[in-house]
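Below are two complexes that have chain A in common, paired first with chain B and then with chain C.
Up next is the complex of A and B:
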């Protein structure tokens, strides 16, 4: 039987503007989309079709660039070009904005929840990465402002099992951060890309980090104490590589997509004994 | 014979000699002008950094007094961050422009200041201009 991809449905999600990002909730029942119309839409199935279950407006004054579900699925964070990050709380089918995180000087490019659900990271064109802590009363506090990058920070992602944060930047590097003696510090810088690093992804085991860049390559990084070593480099596409994602179930299966319009699938093999 | 060699040398080498003298004079004058220009540049640049850090320090000391009486748990994080900021400012090497981590430490101070403002829920608008620095809330 041949592989096939069948279209189930198509919906006009963000009229007259760009749809920037999508995120499935952890339960897989809802899809959040966000876009240039400053709104977030939550989609779910009703019978055989996909319908818009709610529209989150009044949260942002400019494009919403990214949305991220908390690990428990009860909260949605939205990062916007208006320099703020909104936290929405799910109440059955409705979402209420419980707080707005301010502090970045300009466009927030990415937001990510740590697997523990207690920490949140945001990054911005202002070159900084902010780490926030949330307590049981839904109060958010800034735990650290990290000014390690020298240019626009495009993406932040947490390690799947450790409290380790990674960021990708226009300055061609990937930086890693952890908490040391009550303060967050940059513990490693991964150099090698020759242009903007657009996106990052840890594999489900957390032993490999994939990064993709404007330099058209995908690089796989392995932790090598005391430093870090690039395990593999591949000329991935003919144009900028925008995103890279590990399959959550099949080890070594990696997908990448590019400005050249293609999606490439890769099989990463670990060398023996490592 | 040696005498006539010297006379001709004086004429033949005149161009080169004057070139050399001119170069040396120019180099000395250029050096001293360069030192003056460098000093002006350094003064301006140093003043900017000093002004910025001085502002953070004043801000930190003022808040230290204001928060002096607060003892709730939430305030303990504010105090910790405040003490950390004050510590960083005091450790900053003001008299060593060749300190290799100067900009790194300055960025850490800026980050700490921003974090502190976020905890206070205060949005400072720090401006440095030729007329002098100002901090508005």
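Up next is the complex of A and C:
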């Protein structure tokens, strides 16, 4: 039997404008939408239909580009082209704007909560990524301003379990950041995409990072820790090794060539069970 | 190309969609004249534009000019323009001036004065493994010798901006006490924010404008007080008009070049800047390399001094860290003046990071003074946001754009073979080795207040030791936005 996709309902969420983003809350009971009409709408079910439970207006002066629920589900952050990020607190069916994070020079493109719920990251067309910290009194303070990218930063996402932040940019790279001593630093740059990297996603284990780009590719990245080489060949050649190439059809068949003029063929085998 | 400016300054000028040399949106002020209909424009062979009126008459059209300050004031375009304009102030420029002096007739020659900052000196001392005194003396020797192989003078005088810093500190101290006492009458009196860092000033003017400017101290920075000292006091002493002096400063950052080019520091009467050229520590290093000079090998020269009385054997400095010691001086002076308390050692309490620290004066459980130092953009952000919400608990904040302060400025020397943290600690040690002097006790300072400025609160002192700030209106441009 074929798979099917059945329409349950359709709602005019952001009339006369564009709906940019959607986010389900952690409990799966609410859907937040945001758009070009500068508003955020919270949707929930009532019986069989989807209805608008709440409209968050008066928060932003321009398009709301992204919304993100906090891990606990009690807060919603909204990133806007008006250069601010609003933090909304859920009070039953109502939301109240508890604070506005200012500081970016222009459009905020993305916002993301760290798994701990204590940190928030925002990124902007001003090429910077900001890390914010929340304290017990719901006060937000800027902890770091990262200027590693050379162009518009499109997306930020946190690792599912570590305090590791990733950002994607119009400069074709993905950058990773972590805290070192009393500041955040860029600890890695992933190069390879040939155009803007639009979005990123960690897999649930956090071992792989997927990135997608204007270059029409999706790339999967994996971290290699020092000492985590899968295999190591000393003296593969007697001089510089210039190239390695995996055979596209036969798994484990690897060729390498060197300044010594030789081409070597290798069989790569992983131990059973891995 | 990585921008050499401080983080605070960089963040205010970014726009990725408008590339270099495209779409400058500077609104040129056009004299509009009532006219009927449309005019034609003719382009001449030499590239000049002529407007042809309907009656056939022609009018040469003015070229739209974008000055350095227009560029800086506008947030519409990428900063490669600034980079280009800043190269006008470089060691190349100094060499050109010295060369021009050699060719010029005696009446056209300019007196060349170089003022070296203690931070630049410390950076050079670290690089060449010299102590601060030897560095000062050998630098003096170097500058005076540039081009002497052509049998003509190089730089004529080499001063130390620690001297002008006495005035910056004294004015800051006085201003704080005045504002503290006047709190009841003026809501914006406190907190008072330090004004010596141009990266901070540019950011404040462009981003927060009229809200934050009333809180910034009007005291000039040591660089600009030196500008007044050299182009006003020293010029008079030498019987020269200010335009006959070419004043170069050596500073730890590029932002100081922008400060020197502010219209407030341009002398309209004599059409000359208080500081003509700012060289970073790195540019002086390049100059040494280009001249093929090894600093340690030079014979040390005697140090010049602005006040004839005190001939300095060694350079002096101020307590309170590598950014001038504003917090420490204002704090100790205020404690004494306002509460009669003598503070021997100032104790700093680090907050969320090492660039954000607090100092408190308490008596019988009551907080009398609450000061802070906030270095680096993230701490400036938090300070400004708190101020906006009326939640700033401080009376005075020493604000600096660079993490770790001026000793870590963008123009200081780097050592690729040394971890930067270790190098910075070395520079800090060398900086701290120089004998600290209280501005109240420094020889020559009181005399200058009396004889040059005609008193401590005089009109002269206000004009020559203080400045103003100007909020920059953001050009609301929808131009170039691509979704």
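One rule holds for everything that comes next: the second predicted complex is superposed on the first by the 224 of 274 C-alpha atoms of A that agree within 3 Å, B and C clash if a C-alpha of one lies under 4 Å from a C-alpha of the other, contacts with A are read in each partner's own complex, and residues count from 1 in each chain.
Everything below uses one rule, namely that a contact is a pair of C-beta atoms (placed from the backbone, for glycine too) under 8 Å apart; a residue touches a chain by one contact, two chains touch by 3 or more.
Computed from a predicted model, the values in this text were never measured in an experiment.
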*Fit or clash for chain B plus chain C once both are placed on chain A?*
clash
_Let me test your reading of the model: by the given contact rule, A:72 touches which partner, first (chain B), second (chain C), both or neither?_
neither
_Tell me the contact category for A:22 with respect to chain B and chain C: first, second, both or neither._
neither
*Would you sort A:103 into first (chain B), second (chain C), both or neither based on which partner it touches?*
both
_A:170 in the overlay: touching chain B, chain C, both, or neither? Say first, second, both or neither._
second
_With both complexes overlaid on chain A, does A:11 touch chain B (first), chain C (second), both or neither?_
neither
*Considering only the touch criterion stated at the top, classify A:55 as touching first (chain B), second (chain C), both, or neither.*
neither
*With the two complexes superposed on chain A, say which partner A:151 touches: chain B (first), chain C (second), both, or neither.*
second
*When the two structures are laid over each other on chain A, which of chain B and chain C touches more residues of chain A?*
C
*Should A:125 be classified as contacting the first partner (chain B), the second (chain C), both, or neither?*
second
_If we overlay the two complexes on their shared chain A, which of chain B and chain C does A:263 touch? Say first, second, both or neither._
neither
*Single chain C stretch clashing with chain B - from 44-52, 80-88 or 332-340*: 80-88
*Same chain A residues contacting chain B and chain C, which ones?*
102-103, 128, 141-145, 147, 182-183
*Interface residues, chain C side, partner chain A - complex*: 7, 10-12, 14-16, 75, 207, 352-354, 377-378, 381-382, 385, 403
*Can you list the residues on chain A that touch chain B in the complex?*
102-103, 128, 130, 141-148, 182-183
*Along chain A, where are the residues that touch chain C in the complex?*
102-103, 105-106, 125-128, 141-145, 147, 151-152, 170, 182-183
*Flag every residue of chain B that touches chain A in the complex, lowest number first.*
77, 80, 84, 107-108, 110-112, 114-115, 117-119, 123
